[in-house]
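In what follows, subunit A forms one complex with subunit B and a second complex with subunit C.
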Partner chain A sequence: MQRRLAEQEVVATINEVLEDYFEIEREKLLPEMNIFEDLELDSLDIVDLVVAMQEKFGVRIRDDERIRSIRTLGDIYQFVLALQEEGFSGRP
Partner chain B sequence: MKRVVISGVGAVSPLGGDVPSLVGGIEEGKSAVRYMEGWDRYVGLRSLVAAPAELKNEKAIPRKSRRSMGRMSVFAVQATEQALADAEVGREVLSSDRIGCIIGSTMGSAESLCEAFETMLPERDLSKLTAMKFFQCVSHTAAMNVAQYLGITGYVMATSAACASSLQAIGAGYDLVRMGKQDLVLCGGSEELHPTVTASFDILFATSTGYNDDPQRTPRPFDAERDGLVVGEGCGMVVLEEYERALERGAKTYGEIIGYHTGGSGDHVTQSNRESIVRCIGAALSSAGISAAEVDYINAHGTATRHGDEVEAQAIREVFGDAVPVSSLKGYFGHTLGASGALELIASLAMMEKGVIYPTLNLETVDEGCKGIRHVMRPLRSEIGVLMKNCFAFGGINAALVCRRLER
Partner chain C sequence: MGCPARQIPETEFTREEVERAARGSLLLAMEIELGRGCGWSAPGRRGTEGATSEVELSPAEVRDVLLQARDLGARRISLLCGEPAGCAHLAETIRFARSQRLDVELWSSGAGITPDLAGELFEERVRVVLGMDSLDRSPQEMGAGVEGPPERVQQALQRLREAGYPSTEAVLGVATVICRHNLGEIPSLWRWLRDQDIVPYLGLGGPERSASEKGGAPLDPAELRELASRIAEMERGRSGEARDPRLPLWRNGCMRHRFSCLVCWQGDVMPCVGLEIPIGNIRERALRDIIKDSEVLEDLRDHTHAIKGPCASCPDAESCYGCRGAAYRLTGDYLASDPWCWRNTDRQDEIARLPFPAEELIPQKGPMRLIDELVRVGERSGEASVTVSDDMPFVRGNGALDEIALFEMMAQSIAALNGFKRWGGSGSSSQGYLVGARNFEILEPARAGDTLHVSFHKEARFGNFGILEGTVSRNGAVLARGEIKIWHEGADASQAAARGD
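Here is the complex of A and B:
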């Protein structure tokens, strides 16, 4: 990652992607929302979400197995925070 | 064989986002050609004029449907929805397996293709490519997106024959309905303007390069001062319907398709071939069961290239002499390539309805090589009982369609 981000910044960045790119209303962007059932994303959207997150956070996560277990918006926040903990300190 | 009528039309063109603006613009003698700001940064691009269409209201298409659409597919959805509304065909009947969709184009979205290559090639890195690029780039993008959006479950096809694409789409739909394989087919073509598209013609010396400072004076089909084509964009769609079905539901009809032919020149990839055009026109007339003398109007391909216009004029002269009025519409809204056959057919059907032939815009002095046919140079009051629409594409692909007015 370019620099270590505060949790709020991570959340805000992910929400911005979901709002701008996937046109999801801000009110629906709550951690407990299921990204498939509540936010109505599908497998194709996940590919594009990964591309957008790689761009936003400067990480390379396309082959990261943990993506498969993501169900809620909160899981996405936690996944990015975990990547940060693992010390992604620069663009891969 | 069954009879086939056109029961609805829809258009997004450089003259506006619907059929009335297309026909009205032509009627008023408007040119949609303009200087393209920013194109001069392309080294070697000499033609800096084009006829762009306006992309608007695209967000009316839900995101999940829109995400796989480039500009040309949005145009296609909008033109198709207009055509369906015009034909008074509701969406609820579209998933019947008896209703199909054929939309032609030269290729997929030019803008998306460029973005895909720009994303991938600098670092040879695929990881930045979005999932949707593929669906925007494929050659059947317009047909696929329209069919998905409308839930069409009958034939879905994409004719890809450059400037003959949409006439081939209409011809293919005509054949399907005629043979009883489909009851109704949404047919047409869609195309997207991009500097790389103009460039592909520019490097072949086929574009207009001498009117960058005076864009409204080009293209000039059949004119002595013509210097090449001007690329446009948009989508034209027609609803082809089996005659009895249309009659039964009291549909309005713009005309009946009575003949069609398409064939290759087998000669040269860019140079038009007179003999093959004559054969194509002859085969279309013969499939319609009419003689050349029964045609009241020819809507020419007439792109304003030096060679193409001359060969087309020679071919028309050989078949029709100087008896049949001929005009090209490309002076009004450029060459919309894969969409041109459909957009120009729609305008021609309007001429048939109004009993007026719109002239070739920018044709002031007929070129020596294009003489001997009846050029329409000012609006001409004329009853059109039968019209012919011609398209001749790079790759040596010719197509001709014959339509007849139906008495109400």
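Here is the complex of A and C:
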């Protein structure tokens, strides 16, 4: 089972994904940023983001309803932290 | 209290339990192979082709997967151990399983069942099932792949009897694979077993088992029906119980994929011994996630919507979907109707078989259809083939195929799989759109005259979107690969919603 990451590590990893995959400037990666209006992600980008998070965190997100209520970058941080708490595992 | 063998046990799980397991992606039972060295595969197993590893599960890994199965609700563990003498940790595994309050079944050829082991099996109340395909003849007389020899099994039976089998709590069974050479003997074998208070388990092996190396013809569904009817009549005379004859007779229909799975000796998980499609490996993922995420199991849990062909309209469709192993082996499609069911004898032309022409599966016509056939379906995966013709629109004057065609081939292959899953169904086909690609590499060009194989694997699904990894290869060499994103019109999402996912 993938080890539990500290909150700072989760935040750093998600920010790294957004910088590398979506080429978003680091200065914009603030928790209060709206991912659609401020970070200019669209619905197709959200699919890629889900896939990237599955790979980075070793989780299966499936069709989690909570994804649909995500609006800010902070919501994404909290979502991934919640997944960890719920004990999703990707590897033994 | 009578011996349970006096009544043939069907599944010991109630319909409600099975439905609850299916809805929750849980287990009631699990089969596990205890090592390749045991030397016996469950009836019809083809061996290690396609295995992800050659390393056997360790005793610790076996214990861990038993615990995972228990946590998913499993109450019964079937240990597939052909030759107990070759399975060093068999007794330890049984004791561990029993300590976790799991009922244990041991499927074995009988070799190596010593008096001491027989005694321990009885003490632990293990249900023992020995493989034997004939009472009278040796496997050498019957042909390769036939279980026996009778002498070994008879010795094992004797030792088990001396240990106390059969009894109310320690059931003894014999598993027989029906083939050309023992077909006529089955009724007398059945009668003999029942007279001994031994539970008969009749099964159908793959096409290679139904015939023989001596040139025996494959079994005919009508012959199977005659056999099942004879046995049902014998049972009616014995117990007074009327039974609709249906194979496999030990459970009068098999829907095990709704509550069980098989863990192979190297950790691959498969739906069952007959349906050899790896759906994951327990060394890579938790059993819970493998079962929940498996598209094959998801389809079989939703069998009334997913099964295709004449089985879908059978009056017994709620409680039977035939032998999925037979369907897969004979058609290449795990959702096909069972070709061996005698109810389908006159409806074979309604059963789709792979390879299947793409022109019947995708809307693209004429020169814009860039694939010829769907050739394989698997766990979240599939494969199509095409021979590049000179008059294909993307072939340049020098015979080279434009790179964009490879991308389109992947998309059409995915569409072909979706079309195949719905082939013969009553609903209209849903539409899909190619909406993006990432990390797409062209390694080598394709040319007119090339036969290409386009394979793909569904990596992720979110809402109506899907992410797939695709490759185009020629003679095993990869020409192109990449990730493509599709949007699929509501079908999967709406079905998932209807199922309460």
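The rule is simple: the second predicted complex is superposed on the first by the 87 of 92 C-alpha atoms of A that agree within 3 Å, B and C clash if a C-alpha of one lies under 4 Å from a C-alpha of the other, contacts with A are read in each partner's own complex, and residues count from 1 in each chain.
Note that in this section a contact is a pair of C-beta atoms (placed from the backbone, for glycine too) under 8 Å apart; a residue touches a chain by one contact, two chains touch by 3 or more.
Just so it is clear, the structure is predicted and the values come from calculations on it, not from any experiment.
Greater residue coverage of subunit A by touch, when subunit B is weighed against subunit C, goes to C. In the superposed pair of complexes, A:Leu5 makes contact with neither subunit B nor subunit C. Looking at the shared chain after the overlay, A:Leu81 reaches neither subunit B nor subunit C. Of the two partner chains placed by the overlay, only subunit B lies in contact with A:Phe22; subunit C stays clear of it. Legend: residue contacts after superposition of the two complexes on their common chain; A:Met33 is shown touching neither subunit B nor subunit C. By the touch criterion defined above, A:Ile67 lies against subunit C but remains apart from subunit B after alignment on the C-alpha atoms of chain A.
Contacts of A:Val47 after superposition on the shared chain: both subunit B and subunit C are touched. Annotation: subunit A residues 44, 47-48, 51, 54, 60, 62 touch subunit B in one complex and subunit C in the other. Across the complex, subunit B is touched by residues 22-23, 40, 42, 44-45, 47-48, 51, 54-55, 60, 62 of subunit A. Of all residues in subunit A, only 1, 43-44, 46-48, 50-51, 54, 60-63, 67, 88-92 touch subunit C in the complex they form.
Against subunit A, in their complex, subunit C makes its touches with residues 64, 282-286, 289, 293, 435-436, 438, 459-463, 465, 467, 485, 493, 496, 501.
Subunit B contributes residues 63-64, 67, 127-132 to its touches with subunit A in the complex.
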